[in-house]
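Chain nomenclature is as follows: A, B, C and D, assigned in order of appearance, with residue numbering initiated at 1 for each chain independently.
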């Protein structure tokens, strides 16, 4: 029989999220699964409401892209009581909920931050480097984790130093604004050696700010950011950005496979299906990646 | 009257100067200016430049508030206008993109005005509808993506310069002059103030209060559209998800800091602009200060309260009032 | 009685909406959906009750969403990090909220500042303070929490009337009694009619203002506690934008934003109507993020327009009150 | 002159009270003495400082200097509530109570009967109905106060104060919107209270009422005390001289018909004009240079007639013509465009725009008529404002003062100026002399006459029959929302109008309250 899966998506706060949604749809269509997507507009309470209404509708499985890590126990317990398997997408939840979901298809955002940090440590090769950091939305778990991962690398490399860190709310406009003020505060940008941004969108804005200040991003100031959205590859191709860490938008594909196997044959998937956090630089033919990613709905 | 206006704006001007002085204190190079690619460059310019969207919004908002209304949809209208401009710019050129975006702003304003003036829905709910749906419309246009463009004349609106003055600042000042000319050069200003002061009495004095209300919402929509175009031009792309998000609150704040009462009546365009600058000077100062971002909101809350307390007519006599423990 | 006709109309609108949903989705009309409506909107119902008092008194409280967020973080940290017994933590946070609301009320009254702005600063302050405490989401594992979240009255048909739904209904009932049957309630209406006149009639306007904002903040704190039951966690970004949801609920419930009229029962209906819209969209399940927003806006408009039309018909059918100018 | 020389009976003593608003010295070293059991008139021109004196005594305004003694003990109430607690109950001039609350709540706000903290609604209503019955008012006290006429609202305010007054009752122009019958009832209540030893302060511009009920009189002028006299010893002419500081030119109460004006052509005509539930269809022709008075009891439909004529209500039957051409009056805007003007009865809510200056209030209608694109220059505005401030003697003569800070009478003059500035062909005045002092009253009536001589058509509503009779060329009598009679020429006198109002017998006050 055909499967109906309810997907409680966070929202569409970024291009990456939009891409995840559209990739999920096409992956479901490929497998002839009916995907009901409920958009939570970035609110946990809406996600809980959506899950409860999926239970009320009696779907076959529930996908959850949790906006935060805590606070899911009660509602997931309800799903369990109703015998509906739950799969987490792109983020994990607190350990207390381990029993309540079938599997989690996620990347590790602490790891992503660490990958970015290690690239910078390698690029500097022991030279002293003042880093400025563009954080994501204050309080967002991705922001907290990507900071944590990066900081762990900085702690191990005495030559790296985060001199300024401010939130750019994951957006281009704020990324640009914050970078502008970093440049002013750091002597016209002369004392900055690298920028680390929690996502590519902020970096795209920061690159504009550097250019307008007469600096050469990618050369005067190195850049490393996370997500691997198409526009950053354009910048890498133009030599204006140096590195990005990929967060794949295809979380639903592996999740659907797991669910279908579980429903058909009762195969219990591993508790964590980790997606790769791949690092891209100018060495990876950025133009080609840009072309391949363009159509994905970023 | 001349004297009155000056004394009316005094508190705001002082607040702006104090905040600029604080900015200087956290960032010694705050007042440094230099030319960079034919364009003035420095933190002070950033304040004007980054403040442009909120300043434009507050130009429209101040008129709406003067009629006792409020417009929560301006952020969403910004997103719509930006999305339209960005999606049309490369294919159809700047004039078409600009006209379409401004036209959309006008329509949005007309819709809000229709709900408020004709259907008699309370302004805050009436505009809440567009605040919710409008961002959806903007995302529909961009399909959730960030739509980028390269059309140089549109990009110029964000990054270009007129005689060294960044284009957004020039647009901002131009709009102030135009709005001032329209509102104070005609009888509109007086009739708006009358409508906001007492709509029933104004109607009985022969003022077409509905037309007034419709007009201010349309103007507010236009200003918001312009702000949206500038925000898009600034990042050379339309970010429908985030453009103008929560800016309606900043715009309302700017208007109130500018001394216009939320209960309508008297308004001042210039002081609303000053209010927007106060907010941006504060934001820029926060960014320059190097404090962790967790403190941003606390600083903002404190500054807002202090600025408004200073303006409160009761502040001077506060000691006496508190002393007497008035009920 | 005061406010009854609009409430009756709102109730009819809700019933009509529910019937339409049922017509489209047969398993909509189940006790599960109905009970979910109450549980999922429990915290909203509680804040909106407080907001009703504020709005009827002619004010507004934008800080409630942040106060909920602050409360969840405070409670979570107190219980998990400091090992405070839950009930003690609850008492402490409610006291803190009371002080916070009282401070806002006092500033509004003593300095004669617009509530919109004072509570906006309160919103920044509370959200900023919760960032300072913790930016991470903290799970709460206290046994009380699982006891409460496991408790539910089972309804025939699979519905569960949960503890938090019951708390909400109790708050609404108590709020209605307070508003409609006490001196305090009458004074709230009086303030909304006219502050100046109320003062001249010998009502202590200042202490009333303080108490009204205190009530709103305490209920927001209670909603925060309920929210922490709902999610069993404390998170600094929870309940962002809830102030607008609750204002919309109050206004949809027939309370005038200008003050002086309204009811708690209407507010509950307003909350349920909003919940209905969301449930409908979730049942549909085909809407993209943007269509969700657009459809929410359209449905909001449809409800308000329907209500406005029915009110218009009701007032036309009734006896015309001489000398009342429509405005 | 110093009444406090008889200290045993002084109930409320005010000594050296001063109060300034910015540079304006509203009260300067005012003394005032109220004895127990007396009814004391507080008189003066518009803006003399009567209301300010009252509000300063009750603590609504903080005072600059001076002391107040109540029953020998010094009191300094800091709020209206404190004054009530001290035993001083007040009906303030501008108070309209809370229109959104029920009549009963308005009467008992803050002191509702309660049980276990809950308001005993039924008990409160019973008491409210009883209290109002003393004023011969029999209405449903559960209805919102806003559903009733201004008169009912005023009686409610008075009833509340009377019910609260322990020692002193202050009434600031309570009779401005009451008709004779209601005034009679009020006076009876005041006398009863005085007999109980309560001191009553009574502010009014009706000198007849002063002589009818007051024991003593205190006169203020420009914020200063002019004198305090026994009513019996103060001739009317002398009183007026004290108030105005000059003689009053001519008296107002004689019929001007001596000088028969020849009515001009019809400038506006209404045929079968009416609206269901508002006013029954009527025929009305307005001629240039003619004053038509509308007479009737409260609630008889006079205001509605005015609003229909002005387009503030849309007629659902009949037709209107202006200068012979058929017109549609869908809104006040249409009416203004055809040269109509309308001074509404509720000055505060429908007339003034409190935040705007006197200048802006004066030019408003003219500007609305000219349209958006033809703004009056600042100089033109000032010219117009100054001209009318002089013409109508608006005080203080400052065009840049917010109108909300003017005294009630002066606000009324500004509204008149607003319409005169538009050079209208038809002016509708609803209670134009309400709350206006004797001097200004005479001026307004003189103005009405002059305006007619200049060819203006006037439709005037007034509850003062004397006044209507004085200037009307025709009087239309209304009852129960229908035009029932019309008097013309020699037939116009007070007794004839009264007879017409009461034509079907005992309609009387009950008709107004139905």
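Going forward, contacts are C-beta pairs under 8 Å (C-beta built on N, C-alpha and C of every residue); 3 or more make two chains touch, one makes a residue touch a chain.
Chain identities (UniProt): B = ABC transporter permease; C = Sugar ABC transporter permease YjfF; D = Sugar ABC transporter ATP-binding protein.
All values reported here derive from a predicted model rather than from experimental measurement.
Steps from chain C to chain D, taking the shortest chain of touch contacts, total 1. Contact count check for B-C and B-D (C-beta pairs in contact): higher for B-C. Put simply, the C-alpha centre of chain B (ABC transporter permease) and that of chain C have 29 angstrom between them.
Averaged C-alpha coordinates give centres for chain B (ABC transporter permease) and chain D that are 44 Å from one another. As a whole-number value, the distance joining the C-alpha centres of chain A and chain C reads 34 Å. Counting partner chains per residue, chain D shows two or more touched chains at residues 79, 81, 312, 350. In chain A, the residues that touch at least two other chains are 12, 18, 21, 138. Across the assembly, chain B (ABC transporter permease) contributes 139, 143-144, 200, 203-204, 293-294, 296, 326-327 as residues in contact with two or more other chains.
You'll find the chains touch as A-B, A-C, B-C, B-D, C-D. Chain B (ABC transporter permease) meets chain A in the complex at residues 27, 29-30, 36-37, 39, 41-43, 46, 50, 139, 143-146, 148, 159, 231, 234-237, 239, 241-243, 284, 287-288, 290, 292-294, 296.
Considering their complex, residues 107, 110-114, 116-118, 120-125, 127-129, 131-132, 135, 204-207, 244, 247-248, 251-252, 256-258, 288-298, 300-301, 304-305, 308, 325-327 of chain C touch chain B (ABC transporter permease). Every residue of chain C that touches chain D in the complex is listed here, in rising order: 2, 177, 181-183, 186-187, 189-190, 192-194, 197-204, 260-261, 319-325.
Chain B (ABC transporter permease) makes touch with chain C in their complex at residues 72, 115, 119-122, 124-126, 128-130, 132-140, 143-144, 199-200, 203-204, 209, 249, 252-253, 256, 261-263, 293-302, 304-305, 308-309, 312-315, 318, 321-322, 326-327. Within the complex formed with chain B (ABC transporter permease), the chain A residues making contact are 12-15, 17-18, 21-22, 135, 138, 164-167, 169-174, 176-178, 180-182, 184-185, 187, 201, 204-205, 208, 212-214, 231, 297-298.
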